[in-house]
Amino acid sequence: MRKNIKTEGQSNRTDSADLGFGRVVSEESHLRLINKDGSFNVNRKGLSFFTSLSIYHSLLTMEWWKFIGLASLGYLVLNIFFALVYLIFEPGAIHGEQAATFFEKFLRAFFFSVQTSSTIGYGHIFPESISANLIVASESFVGLLGFAVVTGLVFARFSRPNAKIMFSENAVIAPYRDITAFEFRIVNARKNQIIELQAQLIFSKMEKDGSRIIRRYYRLDLERDRVPFFPLTWTIVHPIDENSPLKNIVQDELIRSQAEFLILLTGTDDTFNQTVHSRFSYRADEIVFGAKFSNIFEYGEDGHHITVDVGCLSDIEKV
Amino acid sequence: MRKNIKTEGQSNRTDSADLGFGRVVSEESHLRLINKDGSFNVNRKGLSFFTSLSIYHSLLTMEWWKFIGLASLGYLVLNIFFALVYLIFEPGAIHGEQAATFFEKFLRAFFFSVQTSSTIGYGHIFPESISANLIVASESFVGLLGFAVVTGLVFARFSRPNAKIMFSENAVIAPYRDITAFEFRIVNARKNQIIELQAQLIFSKMEKDGSRIIRRYYRLDLERDRVPFFPLTWTIVHPIDENSPLKNIVQDELIRSQAEFLILLTGTDDTFNQTVHSRFSYRADEIVFGAKFSNIFEYGEDGHHITVDVGCLSDIEKV
Amino acid sequence: MRKNIKTEGQSNRTDSADLGFGRVVSEESHLRLINKDGSFNVNRKGLSFFTSLSIYHSLLTMEWWKFIGLASLGYLVLNIFFALVYLIFEPGAIHGEQAATFFEKFLRAFFFSVQTSSTIGYGHIFPESISANLIVASESFVGLLGFAVVTGLVFARFSRPNAKIMFSENAVIAPYRDITAFEFRIVNARKNQIIELQAQLIFSKMEKDGSRIIRRYYRLDLERDRVPFFPLTWTIVHPIDENSPLKNIVQDELIRSQAEFLILLTGTDDTFNQTVHSRFSYRADEIVFGAKFSNIFEYGEDGHHITVDVGCLSDIEKV
Amino acid sequence: MRKNIKTEGQSNRTDSADLGFGRVVSEESHLRLINKDGSFNVNRKGLSFFTSLSIYHSLLTMEWWKFIGLASLGYLVLNIFFALVYLIFEPGAIHGEQAATFFEKFLRAFFFSVQTSSTIGYGHIFPESISANLIVASESFVGLLGFAVVTGLVFARFSRPNAKIMFSENAVIAPYRDITAFEFRIVNARKNQIIELQAQLIFSKMEKDGSRIIRRYYRLDLERDRVPFFPLTWTIVHPIDENSPLKNIVQDELIRSQAEFLILLTGTDDTFNQTVHSRFSYRADEIVFGAKFSNIFEYGEDGHHITVDVGCLSDIEKV
């Protein structure tokens, strides 16, 4: 990490293109770059129709109830489709209960299709004509393949990294040895363990560049940029020393310059040993000056565990 | 690794927040930080109900017999539920054997549900009314999806890293060249191969800090912190030289200061080429002074293999 | 990355064997090394028949419609095969509809096989003789295993990295501070996020080496070789300074020496947290001298997003 | 890589414990450490019974025909077991064809079990008694779960890294600039692409250490220890300069000291973007002095591809 910083040149000022945000120029932007959920506040247009649909990506990232709803809908449509196909070959395609009206025939065909695509096959309804038998052959294949796809998707959803790091609501400018420091606090919001956690902190603000006002990015040095274990909390600290771009800064100036602190965390999820990432950002109005984080540790009542109260993650006290 | 140590400052003393344990302060703690099974001796409270349930994480990490028991239970509950639903639409919903009493009807509905959700569908019992047919459609979908989920979970469990590194019961302070060294020994307890294995060793103890007693952490330099292969054993060695925080230390002092040696191993499992991690710790009373590890190698009786006797991993001899 | 360059020696000239292309020597080659789709323009012969078939690799990388077509074909062949096996044991093997001609008997056996391999089992056709029952036992196993394999393949296809980075059609030699620079522009063509993206740029050309003409490779230093985020575009810049092998180069010379610029990108796909790679190359005739890339950013009409128009990725303007 | 070498101390001599082989001491060993298939020539004894069974590891790494054979066997045993269970509850448990003898009853129960565990359920045999129905419920669950496990295993087998690097049969001591070099040649034996390939080369021999003869290990510096691409071949070169442990060495001495050259390759498989590893070793008698590798490149007959003839990988010529 540190080494990277050095290779970026003597100065740690880097222009906007450096962060993959491109050279966006504006005097009016009050947009935040990273949303509270870690997504980027950007759009890409000009992508082809299929690319922008992005079915696979959506199927993986949508919520479970939507995924299950969509799968049910697919099952319904599949069976209605095949029910209609069976009806085309009536009369005599399907042998089963008496069906007088079209609706009764459709229902019979629909239920037959359900029993076929799900491979139940009770047999009180069964295919009689050759055409019906051929449709059964197709439907059984479609059913099996569809089921293979759903199983594949279910597992693909399961195998996605499951980490969730919770950030304190505010960052603080707190006393730190003889100076001050920019600090925020994080905790693991899941039951899994995260190890070898690394942090990058980038400070971004609008600056005059000749006649234009452009957004500039500064990488902030951390007191410590990685921890081997992360069972409790980690307070990430940027000491505001002589070389810090935050030296002597006040809140008004942060707000005027549309400052934003971008955070990228990288760690290893211990359950799957997968690399996990987490993004977050603090805007100028989310920084509290002259405060520090409160203690959130206590010893378990049984005396056998160190306990952290996640609900107090964002608790700060004035200094 | 070494480079990391340097970036941590001139001194290798780092305060407790550095390791993700937070700034836990206590004069009375005799808690160990890392348990013998590698888990952390900590609790997180204040998590939401669903987060603390952590269903997915539990389903992956519970033992196989519990997982299978839970799956059986789910299958049972599913079939009882649908049996009751079929009963609501009696009489006439299900065509099958004669059923006089409620219990007989329930049994028939339950067995019908089993034949439906498992997609067997013998057909000697089959859905007669439209409502029963609609329930069959739902149950077949639920059955298939449930099966997809179980299959996904089974594979997710299979694909979890499977490594197990065994640690010697005690660490020793052994003679090493002209000085002494802190040493412990590890062996791969599985049949897979682990390669590119790395070790980190951290020494932790309680120290006076003004009026408070706080826990401090020191990273210990290793004679060698990685091996490319790990077919047999590896004795991890911290030479106690002039700069070691262990210089001139005696056991009483280790115990008084509640010392603990934390270990993090990182390697690559050769079967899946997955990164695997292992944590362990030794407490003061698990250190043997003036001992060394016994030889555990022998040549195979057939003369064709080098053999290591895993059962002798912890064997030490006084010096 | 930079460190690597240094370890390659004082000079950054490296001969062809260094890049894994081997010491290919020719005076006549106008072949490009990396095709536009990122594949290498090479052949390996002398592999065994099975290796060159490479069934598994093909099943994973073929297009979806081919994969589904192949699976259907397999299902068809399986059922025809078992239909023929059932026919061998006629008469009396299968109990079902009347079948007079051989074709009718084959159809009945085929439909029975479909109902068996898909595990539907309506029961209006069922195995009567012991031999037929034994074949059913085999077919059910083959059907289940085949389905397991297809499900496994479907998921293996799903879990393959899904990233697609789009490169500008041309690279440019653009003004850069007081000198010029070799530049090209990339954008993420999918909806996923790529983070921690790294770039390597290699310049390759034919050179006299005594009496032979051989291909040489030079690694080009980048203004910046990694970005933490990649939500919009990234312009990758090689400044043509005193030490650059491109110093004072003109297009004719690039074409004469069959120059090619090889690019390797490595990043992390945020959806699966998988490492993804992308290769590309520019040939001499794809370099535009004295041009720069046009702006492709705009603020969303709603004022809430930064928008990039992917369709304008390759837009350049003369300078 | 290089950096690692430095951290190992001024001298690059490291004793045997360093490589994870442990401190094996012997005067008589003619064992090779790494077998030709990349496995280690070691045994671990003293493992518990279940650990040494290592079922999961075996199921993943056994050949396909064994895996399928084992799965068939499991299917057979499962159905025989349940057939016997059904028989216990005779008469009247199963309704179906007439069965007079015990063998006929067993067959009927076995075929019924097949139709149940595979979820076919034709229905011409069906469970009659409550006990039979309860067994069906159990068997359907066991069948479904067993199928989920097989599907999971099939996919786990598919998702294992599939790379295969072929090594030249011999290594050579070839002229290299003004000195000589230890060289061997590798090629990718699969259709996939391997990128970012790295190599480590370790030289091991028996040496006098006072009165004992022990095995020592030396890391050999490579002219180049990584390539970004690997489409054709890579000749890995250790220049025998002033500092090389191979300086002035002759073959007799290599053989006498039971020398072995250990190789570890690490790369990225482009199909799955998985990290892949390959191990190999050359023994003293597999080194050819005064030879070099022959050219194996040619231009495709169509002039559109660079072609490498894998069959000539090991071709060497005397110099």
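First chain written, first letter: the chains are A, B, C and D, and each begins at residue 1.
Convention: a residue touches a chain if its C-beta (ideal position, glycine included) is under 8 Å from a C-beta of that chain, and two chains touch if they have at least 3 such contacts.
Keep in mind it's a predicted model, so treat the numbers as computed, not measured.
The pair from A-D, B-C or A-B that reproduces the interface of B-D, where over half of the contact pairs by residue number are the same, turns out to be A-B.
When chain centres are defined as mean Cα coordinates, D lies farthest from subunit A. Although subunit A and subunit B carry the same sequence, what matters here is overlap: shared residue numbers make up under half of all numbers found at their interface. A straight line joining the Cα centres of subunit A and subunit D is 36 Å long. In this assembly, the C-alpha centroid of subunit C lies 25 Å from the C-alpha centroid of subunit D. Across the assembly, subunit C contributes residues 3, 115, 119-123, 147, 151, 155, 159 that each touch 2 or more other chains.
Interface residues of subunit B, counted against subunit D in their complex, comprise 1-3, 68, 71-72, 75, 79, 107, 110-111, 114-115, 118-124, 147, 150-151, 154-155, 157-159, 162, 187-193, 195-197, 224-235, 268, 270-273, 295-297, 299-300, 303-313. Residue ranges on subunit B touching subunit C, taken from their complex, read 119-123, 151, 155. For subunit D in complex with subunit B, the residues that touch the partner chain are 3-4, 7-8, 14, 17-26, 29, 31, 33, 39-47, 51-52, 54, 56-58, 60-61, 95, 115-116, 119-123, 125-127, 130, 133, 136-137, 140-141, 143-145, 147-149, 151-153, 155-156, 159-161, 200, 202, 262, 264, 266, 274-277, 279.
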